[in-house]
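The same chain A turns up in both complexes below, where it pairs with chain B and then with chain C.
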Partner chain A sequence: MEAVKTLDATGLACPMPIVKIKKAIQELSSGDVLEIHATDQGAKSDLAAWAKSGGHELLKDTEEDGVLKFWIQKG
Partner chain B sequence: MANTKVAIIAANGSLFDAYKVFNVATAAAASDAEVGIFFTFEGLNLIHKEGHKSLPLPEGKEHFQEGFEKTNVPSIEELVGIAQEMNIKLIACQMTMDVMSLEKGDFVEGIEVGGAASFIDYAKDANMSLTF
Partner chain C sequence: MTVKTITTGELAKKVVNHEETLILDVRNTDEFDDWKIEGGKVKVFNEPYFNLLDGIESVERDLQKDQEVIVVCAKGGSSQMVGELLEEAGYSDVYSLEGGMKAWSEHLEPTKVADLNGGGSLYQFVRLGKGCLSYFIESDGEAAVIDANRMTEIYETFAKEKGVNIKHLIDTHLHADHISGGRQLAENAKGTYYLPPKDATDVTFDHTALQEGRDIVVGNTRVKVQPIYSPGHTLGSTSLIIDDQYLLTGDILFIESIGRPDLAGKAEDWVGDLRETLYKRYKELSNDLVVLPAHYSFAKELGKGGKVSARLGDLYQKNSGLQVDDEGEFRKMVTDNLPPQPNAYDKIRHTNMGKVNPDEEERREMEIGPNRCAVHG
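What follows is the complex of A and B.
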């Protein structure tokens, strides 16, 4: 699961992580994986919902030292 | 969310109202929805060229200022910029503008001016209609 790009959205509050992810994923090709780092706790549910509504797949998410990490595959 | 249309009425003008409107609008646009906002009465503050940069906190809620700074919430100016970038349709209410002696030039770039019927026409086939 090699990410093509990593987006640092740490320190950003809603709705900025989603807005930044939307921009970042536009530059990728279908099947590419985007890795996202965030600290907004709301990102957990928001990213899952966003991926679902956009036809992308949330492959994995982890939490290390207060940083949430997500891997989304572009649909 | 593509092929989803969201119609929003912004009828209030405090900082809280601005966040409610622009957070939902930009989140919807980031989810590929088509978004239009009709600004009426105090809601016009949210797109007023100068006014939107210094919206007041609701009376008695001034102490939340610190919370906004601490949580690193984007400024309304930033959110308006994002809304424009994402092609969110911003419609200012003609009647309110007339009552308040405001002209198109008093607002941020790229707005449209329309009456209630314009909004109804936009909203008639919307999947979600929200009022703030």
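What follows is the complex of A and C.
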């Protein structure tokens, strides 16, 4: 699972993380993995719901020192 | 283009005054299904904001261009953005709820229940976003607050407006669904904080025992607060009879439902207490007492001006939780119908005991979501 791109969305409040992620994933090819860093707690459930509705897969998520990390594979 | 905003106070007035209110909730669907704005003539529908980024077609069939619509999200950021998208698409009467559901969860709407015979008044504070009810008694320059919520400044401002000093803070039980403001209010006002002894065994701070036989007098010597031991939601749960007319039932008896016995112990252990309180102790009280609970669960329980109350005798006719004659059946009904437990309930209990001390932001997060203190038969 190697990310082809990392998106820093730390410090951004809803809705900006999803807006940026959506834009970033549009530039990737199907099967590519995008790594995302965020600090907005709300991003967690929104990201999972957004990925599902967009046909992408949330491969993994972690939380360390208040930074949430996500890996999403483009569908 | 900036979208017009509506405050939680303005929205609360629309809800309790039963005005037609259309809400577009743009949080993700799981959060919406878990907890949403309800009450009065509110019509609410859900479309997550991330489905609207490329176009708003999916909401167009539910919305007329000139219709008033209030957009709501978790904290107020996404609703602002969706509001702008709607305006760009030609919608002319769009509002964004300031502070989102987080702020909605914290709004308290005061409504006057009655003037008291002994002089003074009784108010109910309705927390529309969470279904919590707290009470404010004022008499002769003094006030008591019962089952106070965390947002202490709301009660303090109210006391100031009424020209009274808060003296007594009473919690009918150790709360598991919200952080009590009782301790903080008592500290600020140098007042007395009362807790039932059986709920306070692990409490780390000074307090006074709330006990049957030890009445509390608010201001005027004729306004009496009479504790009645009524276990079942917690071991210590204590009801209060105010001015010989009003029965504050805490989380034992609601208008359409009854308390749940499992948030601080085991349902099987406490269901017997609940039965005893509802089917014996309360039955010995006057049928004419007006029940004022610490929660409501259904929007339809909100009466005129948002008030939640009912005559005790009427509840013995109508409340389904009070109609089960067979004890075994009652046990089964209660233990089989337990809803999911409230968000962070164990941590909330420990905060209310003074054992942990989360910061303000975490306290706010812990309380997000519905209260779920009732069992619906």
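Structure notes:
The working rule: the second predicted complex is superposed on the first by the 75 of 75 C-alpha atoms of A that agree within 3 Å, B and C clash if a C-alpha of one lies under 4 Å from a C-alpha of the other, contacts with A are read in each partner's own complex, and residues count from 1 in each chain.
Note that contacts are C-beta pairs under 8 Å (C-beta built on N, C-alpha and C of every residue); 3 or more make two chains touch, one makes a residue touch a chain.
This one's a predicted model, so the numbers in the text were calculated from it and none came from an experiment.
Legend: residue contacts after superposition of the two complexes on their common chain; A:Val33 is shown touching neither chain B nor chain C.
In the overlay built on the shared chain, the residue A:Trp50 is in contact with chain B and with chain C.
Contacts of A:Gly42 after superposition on the shared chain: chain C is touched, whereas chain B is not. Residue contacts after overlaying the shared chain place A:Pro15 against chain B and chain C alike. Once chain A of one complex is fitted onto chain A of the other, the partner contacts of A:Leu68 are absent, as it touches neither chain B nor chain C.
Counting contacts by the rule stated earlier, residues 13-16, 18-19, 22, 46, 50, 53 of chain A appear in both its interface with chain B and its interface with chain C. Residues 13-16, 18-19, 22, 41-42, 45-46, 49-50, 53 of chain A touch chain C in their complex. Of all residues in chain C, those touching chain A in their complex are 27-31, 48-51, 53, 73-75, 77-78, 81, 365. Across the complex, chain A meets chain B through its residues 11-16, 18-19, 21-22, 46, 50, 53-54.
The part of chain B that touches chain A in the complex is made up of residues 1-2, 23, 26-27, 30-32, 71-74, 82, 86.
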